[in-house]
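Lettered A, B, C and D in written order, each chain numbered from 1.
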Amino acid sequence: MSEGLRVTIWNEGVHEKTNPKVSALYPKGLGHQLAQYMEQVPGIASVRVAELDDPEHGLTDEVLENTDVMTWWGHTAHDRVDDAIVAKVQERVVQHGMGLIVLHSGHHSKIFKNLMGTSCDLKWREYNDTGEKERLWVVDPAHPIVDGIPEKIELELAEMYGEHFDIPQPDQQVFISWFQGGEVFRSGCCWHRGLGKVFYFRPGHETLPIYHNETILKVIANGIKWAAPTRVAGGIFRGNAEPLEKME
Amino acid sequence: MSEGLRVTIWNEGVHEKTNPKVSALYPKGLGHQLAQYMEQVPGIASVRVAELDDPEHGLTDEVLENTDVMTWWGHTAHDRVDDAIVAKVQERVVQHGMGLIVLHSGHHSKIFKNLMGTSCDLKWREYNDTGEKERLWVVDPAHPIVDGIPEKIELELAEMYGEHFDIPQPDQQVFISWFQGGEVFRSGCCWHRGLGKVFYFRPGHETLPIYHNETILKVIANGIKWAAPTRVAGGIFRGNAEPLEKME
Amino acid sequence: MSEGLRVTIWNEGVHEKTNPKVSALYPKGLGHQLAQYMEQVPGIASVRVAELDDPEHGLTDEVLENTDVMTWWGHTAHDRVDDAIVAKVQERVVQHGMGLIVLHSGHHSKIFKNLMGTSCDLKWREYNDTGEKERLWVVDPAHPIVDGIPEKIELELAEMYGEHFDIPQPDQQVFISWFQGGEVFRSGCCWHRGLGKVFYFRPGHETLPIYHNETILKVIANGIKWAAPTRVAGGIFRGNAEPLEKME
Amino acid sequence: MSEGLRVTIWNEGVHEKTNPKVSALYPKGLGHQLAQYMEQVPGIASVRVAELDDPEHGLTDEVLENTDVMTWWGHTAHDRVDDAIVAKVQERVVQHGMGLIVLHSGHHSKIFKNLMGTSCDLKWREYNDTGEKERLWVVDPAHPIVDGIPEKIELELAEMYGEHFDIPQPDQQVFISWFQGGEVFRSGCCWHRGLGKVFYFRPGHETLPIYHNETILKVIANGIKWAAPTRVAGGIFRGNAEPLEKME
């Protein structure tokens, strides 16, 4: 990967068009906010934004074949994402090693549910006027995703996500969130799926300035670097195999 | 579970009708062979056999709601299993805690692939006239699935399955197979998925007397007991949550 | 294990002699409180209490050889536990499959640190007059340790333990605690170590009536049952191995 | 880590002085053979060799404080390694994030056993005149340690190591070996321990030219890069913690 990673930021892009609170926070869209940060990260060579309303949701074969790591943000229109495109994204991850970073309400996206095999359901609570604090605690300080991150990240105001979060046990649990109202949540979770890597990261509610927070953006950038494709030399063979030559 | 487990043995049941070698080994079908053993296992209260050609593949709502653990053997007709029934089985596992034991070529069943989120592809090789040995080595001797099982199980003649087996890393790796022709395979794998438990166990080729082997049958029985449903008192709540009462 | 489990409750037994608050809560000692509950649990055949001040800390060879599962509570006198006895306990777990349930401040016991290989350090905070709530959330509802347990356990008053808890990633993460003051903690953790199973469970501060809480006691009982020894038939062979007979 | 990794190659260095077969293969010692390769790996800034017979085994405080990743090869003199130095190495891994690559017979080193908490025992068999093949199969093709490595590595002649290998379940299982004589072995295993990462890699018998094999050397180099320290900004606090300010 010496040439640097090619990143595609997938953004649903619906709230930005319908909710003035969201468009005020993210005038060019939540995807562009992420892209702007990622473009200046060393090791990332190129960043493109793709959205639901683009032709083929912006995920043509040409885009998929030229993406090393994809981030996914969706919330209100998961069901409008075409099944055939979801299948292609899943195949890129599992069979070709594309990294996938699933953000916040993306927990209920088709692609995440397909890769997990579970419902990905959870508890939630909108923040209220007096607010609700979140603290993300690092529980695996050896993990490259927390490089340069402090032992906890505090968000003054957050939407709550609570357990039980219906996911397979993460291969690596990186963050666990505390919420003021009484819940915990596995907020940073890593899995390998086939040739690819998947990182779920909770923060990112659309009506809060989460993606203006430098530490949150740095975690996502670290996640992208962690999810870089591995290249097994010669690839993985599947199918009918010859036996080893006769043994003495 | 003091009343004992209610087990459903799902068997594709196609080879038995078309291949005399299979019907010679399993005159009443491979499913009945498993059922016959399980019926006499302490802790198992009842065993039923369901097959592809039964109405609704034998998996009516009434059967599903009265099954604690299901075993699944399929090979040649995975695509004939109805998607709606697969979805129901998956929901029983993830949302209601039904255990699932996936056997041998069931690795390519819809239900297993849906629960894993990966291709579940592998290498394989038919045994030849001079045969091919398999040895299953216990790599997690603390696991209840190997209770009463020796440190290795040797099968004189086996079809080979080899890595890379495209599955998520098992939560617990119980057996690894050695094959005479030069391959290894993760032959006994455990996962939790939502409220349910899943055990994949490799042995079981239809033209070999694998399910006449007492040790193999005992592993499957142990797997059924391990996969018994857990009952979270009051269940798991999903959805919009109230905050903790005001804190001092 | 049809005859039932033989349980040894190891209790440091120092606070009971020096702190009237502790002896008021546990007049016969914290160990006897646990023993009294366990004695009536189906599947547990016998319970004995062993303490630091007993000869050989109550852990003679005869006791160790006749213990299926041991629980361990210590706090103020970890360094007074003899290294040679710790080594024997570790050997019973790893080489003979004895289950070990480590409770609360036992996180800093020699036996736990030896089995983990890490410092087992953590953050802590004594509860104050206005108190501090703890909520233990179930994050693995398929695990047998939460059978019959609700999705969260609330303790009105608890000493806080917080991350980073310096342990190896649990093989299975069962509970995560929320604390009112702003921390989270991996409160219920399972590992296999050799032939044995280890369960760490956080609740149990000596000046609070934690072990009078029926739900907490039930979790410990479930942990004991989960940690029952597995018997690999014929045992595990270590050492210089013969090759397979000449292959064709 | 932009300045590159500082690597210390620890080599027992006893066989080289007593066995002409070993000194013929590794005239300057096995450690120097590894060092020579690592020195030209991009991302590795400096490489030093330390040996048992050096003062303080070559592992002075100054060396330890300036080592990002250490490799460890030992076999015949594990008991001659000073306990106090082992404790320092363990502390560097767990509390300061130094990576550790344990090679071949290092499985029985004090440092590995301390970090694992188990016996680390295994089966073994010396190769004979007609030889014994080993094949290392990649079972986690997404892992950075297999970047540029083929799906299997074949060694014409190898000493056998077989299961049961008494280690905690790896956090990530990268390679599984097949041996001609009938055994399997978990040959490439990754763990996090505190702030540090540990990689065990099996190949490396002293009387065979294993460390002249470019693919084996590349795996070790990949392991070193994977084990690079992570820096939690501000570090991890342990001890008595203040509560969050009063909540509304």
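Quick note on the criterion: a residue touches a chain if its C-beta (ideal position, glycine included) is under 8 Å from a C-beta of that chain, and two chains touch if they have at least 3 such contacts.
Predicted model only: the values in this text are computed from it and were never measured.
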Checklist entry - Cα superposition of chain B onto chain C: how big is the rotation, rounded to the nearest 5°? => result 180
Checklist outcome for this item: Greatest centre-to-centre gap (Cα means) from chain A is with chain C
Next on the checklist: Between C-D and B-D, which chain pair shares more contacting C-beta pairs?
Outcome noted: C-D
Next on the checklist: Regarding the chain A and chain D pair, does the interface count as same (over half of residue numbers shared) or different (under half shared)?
Outcome noted: same
Checklist entry - Which whole number of Å gives the spacing of the CA centres of chain C and chain D? => result 32
Checklist entry - CA centre of chain B versus CA centre of chain D: separation in Å? => result 36
Checklist outcome for this item: Residues of chain A that touch at least two other chains are 133, 138, 140-141, 151, 162, 164, 169, 171-172, 180, 182-183, 192-194, 236-237, 244, 247
Item to check | Interfacial residue positions of chain C with respect to chain D in the complex | outcome: 90, 94-95, 114-119, 121-125, 132, 160, 162, 164, 166, 168-169, 171, 180-183, 191-194, 236-244
Item to check | Interface residues, chain A side, partner chain D - complex | outcome: 97, 130, 133, 138, 140-144, 146-151, 171-172, 180, 192-197, 228, 230-237, 244, 247-248
Item to check | Sites on chain D touched by chain B in the complex | outcome: 133, 135, 137-141, 151, 162-165, 169, 172-173, 176-179, 182-184, 186, 247-248
